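Think of it as A, B, C and D in the order they're written, each chain with its own count starting at 1.
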Amino acid sequence: MKEINSEAIQGMIPKRNKESHKADYGRVLVIGGNEAMGGAIILTASAAVYSGAGLVTVATAKVNHTALHARLPEAMVFDMYDADRLLKQLATATVIVIGPGLGLSSESLAILKSVLASVTKEHYLIVDGSAITLMAKYHLKTPIAKTIYTPHLGEWQKLSHLKPTEQNETLNIQARKELKAAVVLKQARTEIYFLDEVWKNSQGNPAMATGGMGDALAGMIAGFSAQFKNNRFAIITAVFLHSKIGDDLAKKQYVVLPTQIIANIPFIMKEFSTKFIF
Amino acid sequence: MKEINSEAIQGMIPKRNKESHKADYGRVLVIGGNEAMGGAIILTASAAVYSGAGLVTVATAKVNHTALHARLPEAMVFDMYDADRLLKQLATATVIVIGPGLGLSSESLAILKSVLASVTKEHYLIVDGSAITLMAKYHLKTPIAKTIYTPHLGEWQKLSHLKPTEQNETLNIQARKELKAAVVLKQARTEIYFLDEVWKNSQGNPAMATGGMGDALAGMIAGFSAQFKNNRFAIITAVFLHSKIGDDLAKKQYVVLPTQIIANIPFIMKEFSTKFIF
Amino acid sequence: MKEINSEAIQGMIPKRNKESHKADYGRVLVIGGNEAMGGAIILTASAAVYSGAGLVTVATAKVNHTALHARLPEAMVFDMYDADRLLKQLATATVIVIGPGLGLSSESLAILKSVLASVTKEHYLIVDGSAITLMAKYHLKTPIAKTIYTPHLGEWQKLSHLKPTEQNETLNIQARKELKAAVVLKQARTEIYFLDEVWKNSQGNPAMATGGMGDALAGMIAGFSAQFKNNRFAIITAVFLHSKIGDDLAKKQYVVLPTQIIANIPFIMKEFSTKFIF
Amino acid sequence: MKEINSEAIQGMIPKRNKESHKADYGRVLVIGGNEAMGGAIILTASAAVYSGAGLVTVATAKVNHTALHARLPEAMVFDMYDADRLLKQLATATVIVIGPGLGLSSESLAILKSVLASVTKEHYLIVDGSAITLMAKYHLKTPIAKTIYTPHLGEWQKLSHLKPTEQNETLNIQARKELKAAVVLKQARTEIYFLDEVWKNSQGNPAMATGGMGDALAGMIAGFSAQFKNNRFAIITAVFLHSKIGDDLAKKQYVVLPTQIIANIPFIMKEFSTKFIF
């Protein structure tokens, strides 16, 4: 495994072109947030915006629209149960996140199936949270899109059929191959399984062990994927900076909240985009 | 009485295990917030989240869902009048708070009775605010759960049947025995009545005498109970840090708001979890 | 006229008693905020909370409840068009503010009339904004409560029937006498007309000339009236500190927002409650 | 072209008169925000308020009212689809912004047509976002009001019928003449086309290339137009300070959010209103 650390991510964050505009930084579509878990999709969308995605649109249950706008006026929103609208938005998106707070209902499943059937090989697709559980439960296949799964250990068990004791590098690599996707395996030291290499994070701390932390990471991966030409760099950097912020904040905090991680993204990106130019 | 002070709480805040994840820090279910008092339950839930509880779910009137998510995307939410849903959530919770802003209606009473009938001896149950008044008014019995009452002096009178002049240590101990629960008796210098010992806070100030301050304390007790192996430590530390933050802020503020207390919880926990290691 | 300045307000802010609790700091009922002007009542309620009122309840149009809770979980809320509820709340309130964003509709008038008919001589009643216009338009009489009008110059013209050129100290004193109330006449240098003396503010600046600034002042007068034994001190201090914060902020800001004034109230109260003890 | 820089804007920000009140700083009416794009109009309204406009009223879809008040209690609000109300508000406004998040539906078009037919030559009218697209698509004529278009390059192509390669100073001047309006042509270095002169910004950076940035600029132009006697100064200063804040923030941030720009407006206005008095 390669270690994800300050040196490794050097040069991975691209410098923005002076003549660029928001269309150059992608259109992220974030899908999730049912009637009970609207906060999850607000976190994911916020992380995408604060990561620098050009435009962020949120598909979520209507009951969540007001809270989303109250926290994040930078995002657009529509009802995720509106199937026609969802298809139209998928067509214009460059990066899609599905899963945070999506839930496990038949409606949630229908939305997921619709996305899987509609994405193209041009799309980046991040499959997170409830969507991973649904993929596993209904034996759904990884679609044609450039797909990234972001399971925690429990979700990985469902997805890979590997018991906790079997979840070693070799078997994980094998399971990833069958999935035909990148896998961000969230844990104390998060691991990333690509086609031909495995990376392991050197950052992260237990103050980050709190609800919503994964939703924020999914949004960062989406935001970075929308901007970085090299998608591996996007994923590696997102995993690193998410936990690096957490480590920095944990020096003064017993627990670190996802909203605090999100607020710090623009600053840490700046720090690591300029730090190591030598 | 033992004094609650910096020395006494030394070592009470557990160090988080490096390999831990959010499931290790409990599932808190916060029940309350009717159509008029939604703010109370938002404060309690926020305090639980900022105290480091692993997952926080809020049962509250539908009208409060949007404000909750707008302030606290880290929490999940459902309608507290949905009896089936409430039972399901009770089954998965490790710590329950009932009462902040719950109200005194027949619907509020039904919710309380349902909780009392459903909790097990594994649950921690914090009974606060309206729920205390309802317990007293309808002569409801402390359930099988590990129960903690958090009355202010007026609520304690209803619950203990002790007149203000009778509320001395001896009679309070007697009243607590009949309740078969821990009692956090909120006042200028809050007292905690356990089975075999009484603690008295050394902190707190009148700048904290404002609406919602007790709701925040209930959330802290819940959040700490979800994480600390030793529940007495959880209660003692919550009472201490709640008023310690208040004392710190009152150096520069004439009045201290509950939302300000809440924002400072992660920082003061860090301070007191590391300060006295010698 | 007496000048309101740092020296004059010395000793006016009471020291809180160590054994006190929120019930000692009053119950403020804030009435206003129709379908278009909900922000006004949110500002007034926020100012009352941040001024240290013990409990703050807001009567406002239902459409404003969520925004209120999202900004200010410390307050309680109910529908201002619910006449029975309004009467019940009036009975328990110690200080009432009516007017910010109330509007001029027949429903607004009905609410105002209901309040005027229900208040007792024990109540402090602050009549602000739309309520002043309604009082003038419908020739309503100052009620039996200890009443404080807070007109700006245009509203004062309607209420006093004095043309701008006639608004001098002598005629204002005469007009106030007919009103049988204290008058806070808002302007660049705000004047306060009591029964037997007139005060003129020495603070304030044009960066404060922006919408909502008066709503915040009304909330401060209410919050202070709920806590100070001497109501003249409450009014004088509120007028002074409101503009003193504005002057402090205007050193670095071209415009000062009411929400910024409100956030600073606890700090400036502390500063002026301790500064001049010698 | 004249360069917009620190020296050029010297003296353009007026000093507020000591005796002034909010009515001296204009009434801004902000129209936009459909069911999907409420965030856009919240940003525009916020920028107008933080720019110091005396009163700001927002016409937007009902679904956005709560989020607006939760973020910005300083503003008033009504349903933009209420045609009668819109006409009444237009009559009292001094500055109108139409377009941010307005959408392209037939209802959006009807609102735009109603505004174009109702404005007088006394009004300042800022045409932004969706409204520009609608003007171009339906060949609507610039109305009698003092009109300012704020297109980005793609919108300018639709409005001017100039291909990207044709968008040079000479042809832009010609196209502006046919429009009979000022044009703020947003790009990396924004240009302003007036009747007889062209200005080019010296500030701005690609960290600002994110959704909502233009909505904030439209609000600043509106807020400044409401206060500055010289409207060219208002437009030039708004363009400059918007990007100057962005440049300042980008020293520490990889991406700069519109909400962050807005929060800094009062401070940078102060800085540049006093800096160069010599």
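Keep in mind that, in the parts below, contacts are C-beta pairs under 8 Å (C-beta built on N, C-alpha and C of every residue); 3 or more make two chains touch, one makes a residue touch a chain.
The structure displayed is predicted, hence computed values, not measured ones.
Visitor: If I list every residue number at the interface of chain C and chain D, are over half of them used by both copies, so same, or under half, so different?
Guide: Shared-number fraction below one half, so different.
Visitor: Specify the angle of rotation obtained when superposing chain A on chain B by their C-alpha atoms, rounded to a multiple of 5 degrees.
Guide: Fitting chain A to chain B on C-alpha positions yields an angle of 90 degrees.
Visitor: Using Cα averages as centroids, what's the distance between chain A and chain D in whole Å?
Guide: 34
Visitor: Averaged over CA atoms, how far is the centre of chain B from the centre of chain D? Could you give it in whole Å?
Guide: For chain B versus chain D, the centre distance works out to 48 Å.
Visitor: At least two partner chains per residue is the criterion; list those residues in chain C.
Guide: 66-67, 70
Visitor: Looking at the complex, which residues from chain C come into contact with chain B?
Guide: Interface residues on chain C, with respect to chain B: 13, 16-22, 24-25, 49-56, 65-70, 72-78, 265-267, 269-270, 273.
Visitor: Can you check the complex and tell me which residues of chain A touch chain B?
Guide: 35-40, 42-43, 46, 63-64, 66-67, 70-71, 152-153, 187-188, 205-207, 209-213, 250-259
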